[in-house]
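As structure tokens, here come the structures.
Two complexes follow with chain A in common, the first pairing it with chain B and the second with chain C.
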Partner chain A sequence: MARPALRPLRICRNSLLSYSCTPQRSILATITATIPQNNLRQPAALRSHLPTQRLYHSQHHPDLPPHEYTNSQTTILSAALKHVPAHGFTKDALVLGARDTGFLDVSVQLLPRGEFDLILFWLASRRGLLRAAVEQNGLLATSDGVNAIPASVEEKTKTLIMKRLRMNKDIRHQWQDALALMSYPSNIPLSLSELHALSSDILHLAGDASVDASWYTKRLSVSAIYASAEVIMTRDSSPDLAATEAFVTRRVEDSKAIGDKLSGAKQCLGFMGSTAVGLGRSWGLKI
Partner chain B sequence: MKSFTVLQKCSRPATPLVLDFLAPSTIRYRQYHATPSSAAEPQSSPKPKYVLNKKQREFLESALRVNQAGELAATLIYTAQTPQVVRSHPHLRPLMKHMYDQEAGHLSTFNKMIAKHRVRPTAMYPVWEAAATFLGWSTGVMGREAAMACTEAVETEIGSHYNEQVREILSWEADAQSRGEELDDELKDMLATFRRIRDEELEHLDHAVENDSKEAQPYDPLVNVIRLGCRTAIKISERV
Partner chain C sequence: MSSRSLWRSLRLASKRQFAVPETQYRCFSCSMRTQNQPKSDKDRMTHFGFENVPEHEKESRVGAVFSSVASSYDTMNDLMSMGIHRLWKDHFVRSLNPGSALPSRNVDSAEKGWNILDIAGGTGDIAFRMLDHATNINHDHHTRVKIADINPDMLAEGKKRSIETPYYNTDRLSFMVGNAEHMPSIPDNSVDLYTVVFGIRNFTDKQAALVEAFRVLKPGGVFACMEFSKVDNALFNAVYKQWSFSAIPLIGQLVAGDRESYQYLVESIEQFPTQEEFRGMIQKAGFMIPGRGFENLTGGIAAIHKGIKPLSRV
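And now, the complex of A and B:
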């Protein structure tokens, strides 16, 4: 618990905010920050943030929104996102966002996970934007040419991954801090479920319709590609993320090559097995 | 349809303008996915649609997952049984083919449903593949009666499982009627599909009994073990 207790000090150190650091406020912040993350303190919506993605989807029942924050929480968070490029995923950005929307500084306590809520909100809202880009702006729509070949699932996956990575462009320099915070042991489950939700959305939007064990392997490989590309992106200084794009292209090709090899090997074993069984049967064995 | 979306819009808490992009799914999503069947809705059904709650969505999700796994297992069981049964009893070839074809049709129905509704397939997929092939092969080796007893046990469990699902959806329908609403077309189709598939599975059960499944040796332990295995597999597939 050492780190959360330091948060108020960090806020005090920040010259921009120092005038707001009255003793009461930092005491309150210290108290709330040092109380262990108790489930009872969190609103129900936050406790059950997890598997909204796994439910039955239907055109007759609207999709659930990509996150479960309440209105005032979303207001603060979306205003805070504007301050992320300058202040990073910190309490400062949250406080500034709360102020912009006319909330008191202390209303940052509406977000029990603090900065991590800001990160989760960033991820979830960008995921929503990606969905909207495909469904409303026709990101993946093919050109009007008569002979246009529809893009394969891999190509669409690559396009979507790059689209999502480009959304991180403005906050690229802050993203390593966010990744560090996301890899805190207590934050890992939520980070992973958000990553799964993203890869699941990407594959769905790319038109993947696998209904067997490859459902799992495909999601795993897209998650791995996306997560590693994110790390590359934080150090990518090439114009328009060209280096990251090249990286993603290579990884997608790799995963396709591995998948092809595996399915080829499986097919070969299947043929050999059925040949052996057929041979045995033709010899009159009761198998 | 239009009034329904408007109603839904009203019932949602007003969101700030900035967040419009966060809920892209309510209105335009519908148009994007609109199929000819849903385009015909406004004339045919003025009644408001029944909105599924979270628990019901969860039920449908696990039901579709179990059904897909079950049909997968059924096709593999028949695939593994057919050569041995047909070798000693060639007159059963049309029957085995008929049952297999029906199961393959069911499997493709559920595969489509799973992809359409974005339901996660069971994580035990490879395990069920191996288990079903082994079950089919071993009962096939034990002879025609054992193979038929296996069919009888499996179809009994599956049939009663479909029956429970039909009963659940019917209870939603009754609930919807009491509120003056009705189920959407997809659910109605699904209900009809479940009923048809249940009847076909029970038909397989009758075929199995006609073909001396009761004379399998040892009948009781064999059938009980297979039924217990089916129930366990259903319970596991509902969750993972």
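And now, the complex of A and C:
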């Protein structure tokens, strides 16, 4: 009974590596057969029926839309954004937006979260604009061709953070109210996930490709820099947000310095550890 | 001993109610419908609590129930829900935020403020709250509410109460006897906000009422409905069912002297579709659903459903 089971192993006996290759290949074959992978090789237009909730991400996937509002909701929200500089992120702005687009005052019921929806839409749409600025308008492209030194990830990150902050310029005086509303306990989870989405987008656009624990620390530090810079921005009256820019520059340097110090400390600890091991061995310890 | 026997009778009573499976009715009525499609209205059956009655009879039997409870309506609501129904109603009105806080762009005073139609709002509970909210919160003195109810006794109760409010005998408050499934006196596209609070459960044909709501609403107008619904937590559901099937009819018997009406009330709650089913019915009538489409109150004992009539594409 054991013989037929052994037969496939005997076939690839001549190579050491292939001793274990046959069963593996067959498993792979069954996996690829069950997953409709050829779907992913089709152009984006044909892939539209794929579910939007994915378990993994790939740069070959088409970008997810920055928000999940329906057409009517988007119509009202986009019109309402025009009233934000005058009325702030309030129900009034929503009502005026609804009136502008032919809806009734009561139609703002379309947005179950009310003015918080307006804030979320602002954040999500600006994030979409940032993405478009890089991918379509070449925000980070180096201007003078071959000789230019490609900017480092830190510099790109800083440029992107400033680009995003400058989008807030017109509504800067209303932003403290929005921050207050975002820190309302029931709104915190959505606000944080939007902040994470922004920092993730910024790092992705800056070309960061870390796959280890620094994936988390980098997003955390970009989030922290962006969130604190937003608060500075609300009180910044200097032309073209110069004070905010200086603040962001200092914070990016800080986080770089902290990163350098941490890796220095890690290196130092590593040396001390290996010295201790060497010392122990010289004393005859079995390590 | 007496208390124990009372307890036992209550438990048995509640168990009897549970023993009637919900699906039995459905199968029966479905098969009736498929077999007797061409037959007249008279022979179609609908549910009245756990009973099956001919459709033409339901209206009069519901009418009898509410005529009998009209006078003790508020006391009973307070006792049955332990006062929570007031919080629900306040939340409902606050979330709708009736009244225009911003000056209207229309110069015509007939177009200022909102046109609100409150269906099955006989005692004026919701109507007075909405007028108060519009006046005091949004400083809108033009928003009008029309209360429609199929039952003249409930409307009489509402009229009596309206004397105490500042809206008595003004053009901001009006009353109308009418059937929500067919309201020819209300023109198409004339209503900003259509509310029905703890009423749609008693309608004979809910889908027809939703279609009628869609007709009378202006494009962009809102259908808002608060109704008893299904509790999502199994443990809480057990407690709630125990309360509704044993305590509520008893309270009804002791306070209002009318056990049958309150027995009907809890049975009709049991028969009402789930949140998802009802959302589907609202969508079927043509409404857009904001977000999830419903909001559960107190773990799903009640739920607020909303639908928005889309703008017509010209």
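FYI, the second predicted complex is superposed on the first by the 210 of 287 C-alpha atoms of A that agree within 3 Å, B and C clash if a C-alpha of one lies under 4 Å from a C-alpha of the other, contacts with A are read in each partner's own complex, and residues count from 1 in each chain.
Following the convention adopted for this analysis, a contact is a pair of C-beta atoms (placed from the backbone, for glycine too) under 8 Å apart; a residue touches a chain by one contact, two chains touch by 3 or more.
On a predicted model such as this, the values are computed, not experimentally measured, just so you know.
Asks: Can A:209 be said to touch chain B (first), chain C (second), both, or neither?
Replies: So A:209 only meets chain B here.
Asks: I want to verify the contact counts: of chain B and chain C, which reaches more residues of chain A?
Replies: B
Asks: Is A:56 contacted by the first partner chain B, the second partner chain C, both or neither?
Replies: After superposition on chain A, A:56 lies in contact with chain B alone.
Asks: Which partner does A:157 contact after superposing on A: first (chain B), second (chain C), both, neither?
Replies: Touch status of A:157: no partner.
Asks: Who does A:135 touch here: chain B (first), chain C (second), both, or neither?
Replies: A:135: touches chain B, not chain C.
Asks: Of the partners chain B and chain C, which touch A:255 in the superposed model: first, second, both, neither?
Replies: neither
Asks: If you stack the two complexes on chain A, which partner ends up touching A:112: first (chain B), second (chain C), both, or neither?
Replies: Only chain C; A:112 stays clear of chain B.
Asks: In the complex, go through chain B and note every residue touching chain A.
Replies: Chain B residues touching chain A: 8, 13-16, 18-19, 21-26, 28-30, 32-35, 38, 49, 51-52, 54, 57-58, 60-61, 64, 68, 83-84, 87, 111, 114-115, 117-121, 123, 125-126, 137, 141, 184-187.
Asks: Where on chain C is chain A touching in the complex?
Replies: Going by the criterion above, the answer is residues 96-98, 100-102, 105, 114, 192-193, 218-222, 224, 288, 290-292, 295, 306, 308, 310-311.
Asks: Over in the complex, which chain A residues touch chain C? Could you list them?
Replies: So the residues of chain A touching chain C come out as 70, 72-73, 91-92, 95-96, 98-99, 102-107, 109-113.
Asks: Inside the complex, what are the residues of chain A that reach chain B?
Replies: 54-67, 71, 74-75, 78-79, 125, 128-129, 131-132, 135-136, 200, 204, 209-213, 215-216, 281, 286-287
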